[in-house]
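Two complexes are shown next, each including chain A; its partner changes from chain B in the first to chain C in the second.
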Partner chain A sequence: MRILRLLGVGWLYHMKMISRSPFEGFGQVIYPLFFATVAFFVFRAGDSPRTLLYASLGAAVMGMWSATSTTAGAAMQRERWHGTLELLVGTPPHFALVLLPVTLAMATVGIYSLGATLLYGHFLFGIPLTIEHPLLFAAAILGTVLSFGALGFVFAVTFVRFRAAWALGNLFEYPVWLIGGFLVPLALFPDWVRPISWALAPTWGMNAIRQAALGGSSLDDLLACAGLGALYVGLGILLTERVLRSARVRASLSLS
Partner chain B sequence: MAVVEAQDLHRTYRTHTGTLRRRVKEIEAVRGVSFDIEKGELFGLLGPNGAGKTTTIKMLITLLIPTAGSARVLGYDVVKDAREVRKRIGYVFGGERGVYERLSGYDNLRYFAELYGVPGKMQKQRIEELLELVGLKGREHERAEGYSRGMKQRLHVARGLLHDPEVLFLDEPTIGLDPVGARELRATIASLTDAGKTILLTTHYMFEADALCDRIAVISKGNIVAEGTPRQLKSRVESGSVTEVEVYGVPDETVERLRKLEGVLAVWVEEREQAQVLSVQTRADIQLTAAILGHLNGANVGRVSHREPTLEDAYVALVTAE
Partner chain C sequence: MTSLRVFFVGGRMTYRALFYWLTPQIYIPSLLVAPIFQILLFAYIGRSAGLESDEFYVVGNALQYSAIPCLFAMTQMIGGERYQNTLSAILVSPARRIPLFFGRALPVVANGAFVAAFSLAVGTIILGVDIPLSSVPALALVIVVAAFSCTGLGLINAAVSLRVRENAVLSNVIFGFLLIFTGANVPLSELPGWMATMSQGLPFTHAIKAARRLADGASFGSVSGLVGTEVLIGLCYAAIGYAVLRFMEVQSRRYASLERS
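Up next is the complex of A and B:
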């Protein structure tokens, strides 16, 4: 109970901070518009409502991923600039419990990004929003957002130790758009890319969302996505103590 | 058992120089610091910038791992039992950083109350009490980005006290505050010792340490160079007199020669704007002005004056001694 409240309060205050940032707010308005436009112009040649929805969903998850991968690094960088990283590390809870709400807040912004992209696509370009299995669709979004948060958490753990790791978050942004199959089907890529795709929760989350929306079976994909998310959280927790000890040895916590 | 025990603490930082040919440079920030702080005591760590005060305090609050030596707080080892130490201590850093600017003062405190495990039912009351204590009542719902430096500093103090810790570490808490704000904060610190808290205060203001601390350790270049009550430290300088000479470019060899003069107790040089001020503390029964000026032959000499020694002289002499 105490842990849940700690996660909830942390999530609430980090959401408050994100919502009050003019820079991040502006990005959240512009990015979904950009992604929806790209999806429409890339796929309109197909001229099929299902293809357009397929593309629109891909664009929506692109926005969700961008909101998580790039901002997890930025969030840690912000903690360094504000001098609050040391304060957080100096509190009694396991640091994973302090860090998880930060990345979950980022992933929540991703849900907004997903919704905004779909709505922009619908109202500006007339992309249909017919969801075949609404409940499974909602579950797929929730599972995907949590797994994104979990992956952002692993990133954030490394950002605590390595100051320059925020740039790595940016580096991951575009390749995952491709190898996660967000816009282009995975079948178009060489065989050696596939194992990498399978190790990424976003790939399975994307599949689950598409299957639920377009009428396929999304449960297996959703389970794979959730399983990988849980694996990321476990890995992050294992890494946290080692990373923090290393940061305390190298005196890198106070550096900005 | 002492509440805080530091045993031969060392801390070395590794830094890099150069871009293409990167070289590792090691800096010894703390070189064997030992002290004990008893329950209810306000212990001052006094020293100039870069003396090793913050590094020492960061080792004690578990944010840095000592390169060598050990430290215990309330019986818990700061490396092995870091979480147990964190539950029982509060700390306050000086300066404006360490505040979530986009949150209100109240939200900052609420978040840290949760992190420090203050029970939900008690949080509101505790935060209200602390806002009253630090004088932020009425401004708590404004975003912290609009707070003055002094208000942010007081918010730091409130944050450090949220979980009613037994031991408090205050790292230059009055730095950058205006005189009135600093005086109010010192009054708050004094009231905390009255409430039975054990406090380690770092400062580079002699008068602050003198006014607040039961005991003071003077730290310079990573070593403790003197330790005692303010009275004991003052007794080092109660006799003798200080000759101050305004000079422009006094060589180190001259300072060394002056130190060796019969009757000289301490010599130090301070930079003041364009000039340097050479201070020579001598025994009261000896008049050395002519000898001092004789050694300065060749240097540009300005005003010469004599005065009684102060506690600050003891501090400056300690921290500038080679």
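Up next is the complex of A and C:
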């Protein structure tokens, strides 16, 4: 119960912080729409049988991923700048429990990006918003947000020793957009790319959202997404132990 | 002589001091790897949608991505003075303003051109795009012109950053507009009329069109009009940027707003 309370309060607190940051707030509103606009124009002009709804869903999840990747990389750096990193590491709860709500809050902001992109496509490009399985669609969004938060958590922990972690976070925006199958079917990629795509929870989250919206079966994709998300959390906890031990040994927690 | 020193030496020193992305930890992921993934992303989206060739996206995105170094570096070169508490010292100095501000733009243009050239070279190799060797010198010139043109826009952005605290957001927004409007990914004929009209006054639009024709084997003479227009657009933005900078300088003296933000 105390763990759930910690996660909940941490999530709420960071949601409030993010919602008051002009960079994150305005950026999350506007930035994904640029890429969505390009995608809408390209798919509308192209001769592909894939529909604009296909592009709209893909562009919407792109926004969700942007909300996580660009900010999660710098999550611990930000604590360092605020002078709160040592205090957080020194608190009795496991540091992973402190960090996880931060990235979950960032991923939650992505729901806004998803909604904004779908509405933007609907009102400006006339893309129909027909969701075949609304409940599964909602579950798919929830599962995808959680798995994005979990992947962001791994990023945040992995990049803790890098002073320019935000640059690495930004770097992972395009590759996941690309090989996550958001706007490009995996079949178009070389064979060696596909196993990498399968190891990414966003790939399965995208599939689940798309299947739920278009009328397919999304449960398998959703389970794979949730399973990978849980795996990321476990990996993140293990990495946290190692990174913190290393930082203590080298006395580099605030210096990286 | 002093103005020449301010232009060349001062510009270079400021660039090294204030453009903090020059560290390999930031430069490599942000300016060398990211543009390659942007090229791949849009080339594959193009394949998925069945619109245009790989060459279209490689050329368009390689040039357009130079907006990132041009916009961000120019902003850091001017707005960064404020964070270092050196802006007031710069503005009370007797140095002439044209060499002072434009000397800072020179390394920005050079770096923007390098990023575009690198992206173009790597993008063509990865996607197997065939560009005639005879077009390379003309393409290099077009890339420099595109970087110059966008740096002009960056100067306006930098001037605004003297009053706006979140200049990174502004740079990202401008980058997003350039992504849509310049024809880097969407053929101008597919954009609504008002967007296509607006694109004629933006950096990159003419340079990208010229570069695509050169990549198809056209001679430099056949695209010289496009290149000339791009230069003209760059000069207009640079002139406006300079005027806005001077205006902000006067305003900041009048209202004591130099260190306010």
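What we mean here is this: the second predicted complex is superposed on the first by the 244 of 256 C-alpha atoms of A that agree within 3 Å, B and C clash if a C-alpha of one lies under 4 Å from a C-alpha of the other, contacts with A are read in each partner's own complex, and residues count from 1 in each chain.
In this text, a contact is a pair of C-beta atoms (placed from the backbone, for glycine too) under 8 Å apart; a residue touches a chain by one contact, two chains touch by 3 or more.
None of the values given here were measured: they were computed from a predicted structure.
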item	value
Partner chain in contact with A:G83 - chain B first, chain C second, else both or neither	first
Chain B versus chain C as contact partner of A:F34, first or second or both or neither	second
Touched partner set for A:L6, first chain B, second chain C, both or neither	first
Which of chain B and chain C A:L135 touches, first, second, both or neither	neither
Of chain B and chain C, the chain that contacts the larger number of chain A residues	C
First (chain B), second (chain C), both or neither touched by A:M17	first
Touching partner for A:T91 - first (chain B), second (chain C), both, neither	first
Residues of chain A that lie at the interface with chain B and also at the interface with chain C	none
Chain A-facing residues of chain C, complex	21, 23, 25-26, 29-30, 33-34, 37-38, 40-42, 44-51, 165-166, 168-169, 172-173, 175-177, 179-180, 185-187, 190-191
Chain C-facing residues of chain A, complex	22-23, 26-27, 30-31, 33-35, 37-39, 41-48, 50, 55, 162-164, 167-168, 170-171, 174-175, 177-178, 183-185, 188-189
Chain A - residues contacting chain B, complex	2, 5-6, 9-10, 13, 16-17, 20-21, 82-84, 86-93, 98, 245, 248-251, 253-254
Chain A contact footprint on chain B (complex, rising order)	13-14, 58, 61-65, 83, 86-87, 91, 93, 95, 97-103, 107, 110-112, 114-117, 120, 143, 159
